[in-house]
Amino acid sequence: MPLAPLPEILIEPLVRQALLEDLGRAGDLTTDAIVPPDLAAKAVMAARQAGVVAGLDLARLAFRLIDPAIRFAALAADGGEVAPGAAIAVVEGPARGMLTAERTALNFMSRMSGVASATARLAAAVSHTKARIVCTRKTTPLLRAIEKYAVRTGGGSNHRFGLDDAVLIKDNHVAVAGSVSEAIRRARSHVGHLVKIEVEVDTLAQLDEALAAGVDAVLLDNMSIEDMKRGVERIGGRAISEASGRVTPETAPKIAETGVDLISVGWLTHSAPILDIGLDAV
Amino acid sequence: MPLAPLPEILIEPLVRQALLEDLGRAGDLTTDAIVPPDLAAKAVMAARQAGVVAGLDLARLAFRLIDPAIRFAALAADGGEVAPGAAIAVVEGPARGMLTAERTALNFMSRMSGVASATARLAAAVSHTKARIVCTRKTTPLLRAIEKYAVRTGGGSNHRFGLDDAVLIKDNHVAVAGSVSEAIRRARSHVGHLVKIEVEVDTLAQLDEALAAGVDAVLLDNMSIEDMKRGVERIGGRAISEASGRVTPETAPKIAETGVDLISVGWLTHSAPILDIGLDAV
Amino acid sequence: MPLAPLPEILIEPLVRQALLEDLGRAGDLTTDAIVPPDLAAKAVMAARQAGVVAGLDLARLAFRLIDPAIRFAALAADGGEVAPGAAIAVVEGPARGMLTAERTALNFMSRMSGVASATARLAAAVSHTKARIVCTRKTTPLLRAIEKYAVRTGGGSNHRFGLDDAVLIKDNHVAVAGSVSEAIRRARSHVGHLVKIEVEVDTLAQLDEALAAGVDAVLLDNMSIEDMKRGVERIGGRAISEASGRVTPETAPKIAETGVDLISVGWLTHSAPILDIGLDAV
Amino acid sequence: MPLAPLPEILIEPLVRQALLEDLGRAGDLTTDAIVPPDLAAKAVMAARQAGVVAGLDLARLAFRLIDPAIRFAALAADGGEVAPGAAIAVVEGPARGMLTAERTALNFMSRMSGVASATARLAAAVSHTKARIVCTRKTTPLLRAIEKYAVRTGGGSNHRFGLDDAVLIKDNHVAVAGSVSEAIRRARSHVGHLVKIEVEVDTLAQLDEALAAGVDAVLLDNMSIEDMKRGVERIGGRAISEASGRVTPETAPKIAETGVDLISVGWLTHSAPILDIGLDAV
Amino acid sequence: MPLAPLPEILIEPLVRQALLEDLGRAGDLTTDAIVPPDLAAKAVMAARQAGVVAGLDLARLAFRLIDPAIRFAALAADGGEVAPGAAIAVVEGPARGMLTAERTALNFMSRMSGVASATARLAAAVSHTKARIVCTRKTTPLLRAIEKYAVRTGGGSNHRFGLDDAVLIKDNHVAVAGSVSEAIRRARSHVGHLVKIEVEVDTLAQLDEALAAGVDAVLLDNMSIEDMKRGVERIGGRAISEASGRVTPETAPKIAETGVDLISVGWLTHSAPILDIGLDAV
Amino acid sequence: MPLAPLPEILIEPLVRQALLEDLGRAGDLTTDAIVPPDLAAKAVMAARQAGVVAGLDLARLAFRLIDPAIRFAALAADGGEVAPGAAIAVVEGPARGMLTAERTALNFMSRMSGVASATARLAAAVSHTKARIVCTRKTTPLLRAIEKYAVRTGGGSNHRFGLDDAVLIKDNHVAVAGSVSEAIRRARSHVGHLVKIEVEVDTLAQLDEALAAGVDAVLLDNMSIEDMKRGVERIGGRAISEASGRVTPETAPKIAETGVDLISVGWLTHSAPILDIGLDAV
């Protein structure tokens, strides 16, 4: 099944709000002053770097919301790899609207493609193992849904979307509960049957306690490679294993080779640089 | 005059929306299950890296909107430099709310502090000249106001906030108008008396044409250091000079030494990594 | 751990919108005409029927949003059982605001208490078994969060909150995929590691297929009591078992005695009558 | 004149919000995983019980907002009676969108049809008299406009829509004013010439006072059948007469036979069960 | 009973939106640059013309939403007459917030006071008769509620608030229906019992038809003074009589002397000049 | 370049909100009751006075948002002068929607055309000079963008749009700073390079100080004609000159003849009467 697009009803408010943020109260002074209303134009959206494309629907919407007469023909699909200089889309129609919507379209696409490209690089680094790259809740405020989508686009998988769709017991929760097992017990008695429970453990002793209590997943936090290996062995398939802690393309392969199921990386969404994408008049 | 804070009426909707994005429909399942409602806690927000702090008001608001009983005492001010491990704020009050709001507070602060820190690094690199670092419209969708603020916090200055508060004539506009001078003429006859006009020029010939037509500022785009120097000489104080084009901390000093007034850097807002900030229970 | 309240940031928009719906453009004509602005009043919110109370925070908010000077002292807690005539809360303060907010406060409380009371009745009917009562997505549009909360208040548990927090494979999905196992395979490869997968099965053959493919939960849809029993045996603890299909207080005990873990009831949220609650001036 | 539809500008925000409530942050995980994007489907929306249909425009909108390519052909009209099994509409188009929007469409239609059907039953019970069935302000928060519409669809009439479109003087208002006549006097001097005034009376003495003061309508609250009859006689056409107080299909005929113009029933909107409606793939 | 204030829940969104409209993305550049954050100030809001004050609650809210530390002490009440130079309120607190909110506060107050003052002038012109001045639906878009309130403040009365709170049959409706009486018949059978029906009539023949059909009010549109007098006689108290058509303070007395109950004036809300009000530092 | 239209994304929310304000909860009772759903109609929007038209896009949107089947054919363009009785647009389609949207469409057009017409009158009065008419921030709350547009439509120019797009140093700011030059110094060091600085001066001494400090524009506030002339001479082209203070069509020519560049007039947006426009059935 190909990657499912985000429903337009979810992304339209974001694109609309971003356009309004750029238009302010008076709109595009420069373009309104200089470009005749009936001038037509054609432009190519092109990558200036190699990477993975994400966000075509948002770029299309940015142009459409400014002027429905603008045609946006994608030459790539979200998730596609592009070489430097590769054309991603052809945009054609009234020149005014194209110039007015350009920056908003590019701001969405370059940021989402940046996240997708970073994810793809990490995914490639661990592709010789079964490990998958997952993101965290360290996302850009207000953009979580599209950043999580960009991670999927880059070949990664999503951790929970918020505080309400899964339980993740962290060190502070354990401290309050008194023990890993008591924290798990409380969580299980509180949540519905379709909510999974994951526990963050710092030591193998905590891991044993979590496995004994029964959990869906364990997060091996900042463990040494050696401890991770031992942890994966002890888990023995009884829970999903996730590793976290300052993962880089360099350290990822070793972490993946410990046998963990998942490697979570906050950097993907909080610090990945954009993919440089431009719009060139034809 | 110290840096002016953003009015709460402007930032409250962002913080509220970010909290709702994280809470989803059911709130913080983990904390609700494990942490008793009457448990009090105390935590320190601390920098894990050296950098410049920005966003304290948004962090304070995140906690307050979840529970007004949480007290947030800042130990630093926006714009202050922090060393690794330095305490930024003390947060005290009901433990539940603190755990629920923590990630949203940190997501705002770490991102804004990342922008401020990157700006400060660049500003330091050119501090031996009169050049100032400015940002662009390549900002995170929906977060332009707080990213522009973070740039100011880091010692930078702001370019226009959107399409409506200044005219910036780019190559496409010049192409449509037929010449730099015609584009300037159209802009001047269109806009109000409090709107400045800046023109992007690629060559010294275009620069001469712009200066002859009279503009408030010129953007020397992707010029060689040599051409920039000549450009600044020709301008001779008749317009504000701005340089742009893939500026890095390494290239910035040379660019600044050409005598330009401003160096604009998209990277500050589209690709600066976060400043790592955490919340540690006491 | 007592039932966790809904965060005010989640419920305030609902209460505010409901008040605006009632106030219209001109506010409370009757009260404004008749009641002097400085008149104080005291009233008791009382149950007119036996039931379980839910929604006190929304009622309190309704009064506070109209006039912060109104004091709302709860005499019961959400989840508490009340007898006919029992006082639930004392409301005191400016008479105008109390009369203006009364209907909105009662509309929330009586509806939520109706859901809680219906849930409690069903939960009591199966309390001799391990079965829990759960709700569905057949909720009142726009009120899902508070109806799910009301179900918890009545002693029930929550099924998924929407289309995005768990997978529920229904007959149509199976038909498209070609088989139960193919549907499960597609779901597993698509979703993140913290998303559970449940499958609706109509026959024991489908159940066997689901169990072989491995799922977190199975929904035995409209099966005979006999088949349910057999189904529970075959599951043998390998998945959570859920029964559904026109459950009533009369049929619930027999269904529960089959050994299923959960009984889901759409009626709780789409058709439970309100609990009659009134506000009586003292 | 046939029943006028609700303007789309009024109902679109409700349908949109309900869809977003169901989609959450990530959309329809199950359908996205299992159903190919290009699969077409056809389904019939059918009643599972006899009743009166209401809400077709909202159902149509739910499908259209998810995918404009879905065609929704109504086979009935709002207000039409349907037999068990009767087809109400044919829905055709992309299977994904149909599955994603289905629950929201049905949640609106079944609830509104439930209100319409309950109204129709009561209206039938008094059809041998001139009495009309009217609803109250005891509506579902946020859904008043569509519930009032559903009441009209079922052959009922609408009481006031909120606190601002008519005056309804209740016992508390009378208590504050000191007398029925003083309350009426205050109301009349306060409101505009197009605002009607109705007074709730508990006794025939109060009724006489109200009639002497001159009102547009009187609400005979919880009176005995005998008193109601006397009340109607005394009114003698000088005001509209309304009866209220725990009306059921059983008691309604007797109440109607007293000669009252209106019988108001809160139950229609706060406790009527849904009309069971399903969507069956063809 | 004194004039009832508008509920804060109704006016707060307007004031908030107006402040955001003025603050834009970056706030008050001038004040932030020049005024120290800790400077306190005191100012007097004063009328520069004689008139009637309206909108004090909105002015107070404008200051409070910018800075809750600003104190706003009203020296007059809505509806009070002020002489030129009269102090209306004293504002005290942080100078920054006072300067930032000043224009928004004054924009609301001067506009609303302008409407109130114009109403008061017209009301005075007909005070020797029983006629009341009423407004129309020709209000400023988005400000209807506060303009209708301003009319009440000036001693006027309100016509309907919108299309949904009363029936007003105009010439086009009559043309469609075929006759005044058929239009009235259709309206009566369509609307609820608390909705009044008014008909616009151009001739005495139409008036007779309307009275025969039975209506709550008749609008004598653009009739001669002579015809109005005859109209009022024919009505003989059977309906409320309203006159309209380019009313001025000069023509109003003659119209009022015809005996009509109401004189409606669109000019009050669409063209009344503001009352000049300023804020002077002390 | 012809006047640029406002982007639809900016004006649609205003028109939508205005329609909802008029529709209330129940829509157009009168039209729904009387006009058959399938009746077609044709009407002409016509000026009842001479003036300048503005707001055609908002009128078109009002009809389209109520019913997309309504066709709106403009016979004039924004900025066009119309004679009394002149047709502005032809509206054709379903009669119901036309009647329902009519008032909202006219409320926008008549108000905006009123502002445009007033501006045009003043602009004509000074057309023998180089002076331009500009508006202020004394606009109708929530309607600033469309009122500023209407001023442009009438041949005027726009002052700043809010507090954030330019610096305007007023007497209070000067008082706080201690001097005009210190206020200018603070402003310059605070704002970005594309923000202009204007200073309000009351005396020629202040003017000299401002010119010495260097500003983009000076506002000669309430000066005598004689002083204005001297002021313009002293400025000698070094700054833009603006005159303000109770300008009328009578006083404007003399002010303009002093040689000022701009004359600002708050009256245009806070007190200009509407242009009377009606919709006549054909």
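Order of writing sets the chain letters: A, B, C, D, E and F. Residues in each chain are counted from 1.
As a working rule, a contact is a pair of C-beta atoms (placed from the backbone, for glycine too) under 8 Å apart; a residue touches a chain by one contact, two chains touch by 3 or more.
Here the structure is a predicted model, which means the values were calculated and not measured.
Asks: Chains shared as neighbours by subunit A and subunit C?
Replies: Intersection of subunit A and subunit C contact lists gives B, D, E, F.
Asks: Shared interface numbers for subunit B and subunit E above half of all numbers used, same, or below, different?
Replies: different
Asks: What rotation angle superposes the Cα atoms of subunit D onto subunit F, in degrees to the nearest 5?
Replies: A turn of 120 degrees brings the C-alpha atoms of subunit D onto subunit F.
Asks: Suppose chain centres are the mean of their C-alpha atoms. Which chain sits farthest from subunit C?
Replies: F
Asks: Could you compare the number of C-beta pairs in contact for C-F with that for A-F and name the larger?
Replies: A-F
Asks: Between subunit C and subunit D, what is the separation of their C-alpha centroids in Å?
Replies: A distance of 22 Å separates the two centres.
Asks: Just how far, in Å, is the C-alpha centre of subunit D from the one of subunit B?
Replies: 52
Asks: For subunit C and subunit E, let me know how many angstrom lie between their CA-based centres, rounded off.
Replies: The answer is 44 Å.
Asks: What positions in subunit B touch 2 or more of the other chains?
Replies: Touching at least two other chains: 1, 4, 21, 23-28, 32-34, 36, 100, 144-145, 158, 161-162, 164-166, 186, 189-190, 195.
Asks: Which positions of subunit B touch subunit A when the two form their complex?
Replies: Residues in contact with subunit A: 14-15, 17-18, 21-36, 39, 95, 99-100, 103-104, 106-108, 110-111, 114, 137-145, 161-170, 172-173, 175-177, 183, 186-187, 189-191, 195, 267, 270-271, 273-274, 281.
Asks: Which residues of subunit D touch subunit F once you look at their complex with the stated criterion?
Replies: 1-2, 4-7, 9-10, 144-145, 148, 158, 161-162, 165
Asks: Quick one: in the complex, what on subunit B touches subunit F?
Replies: Interface residues on subunit B, with respect to subunit F: 1, 4, 134, 157-161, 164-166, 186, 189-190, 192-196, 198, 216-217, 240, 242, 261-262.
Asks: Per the contact definition, I'd like the list of subunit F residues that touch subunit C in the complex.
Replies: So the residues of subunit F touching subunit C come out as 21, 24-25.
Asks: Touching residues of subunit A toward subunit F in the complex: what are they?
Replies: Per the stated touch rule, the residues are 16, 19-20, 23-28, 32-34, 36-37, 65-66, 100.
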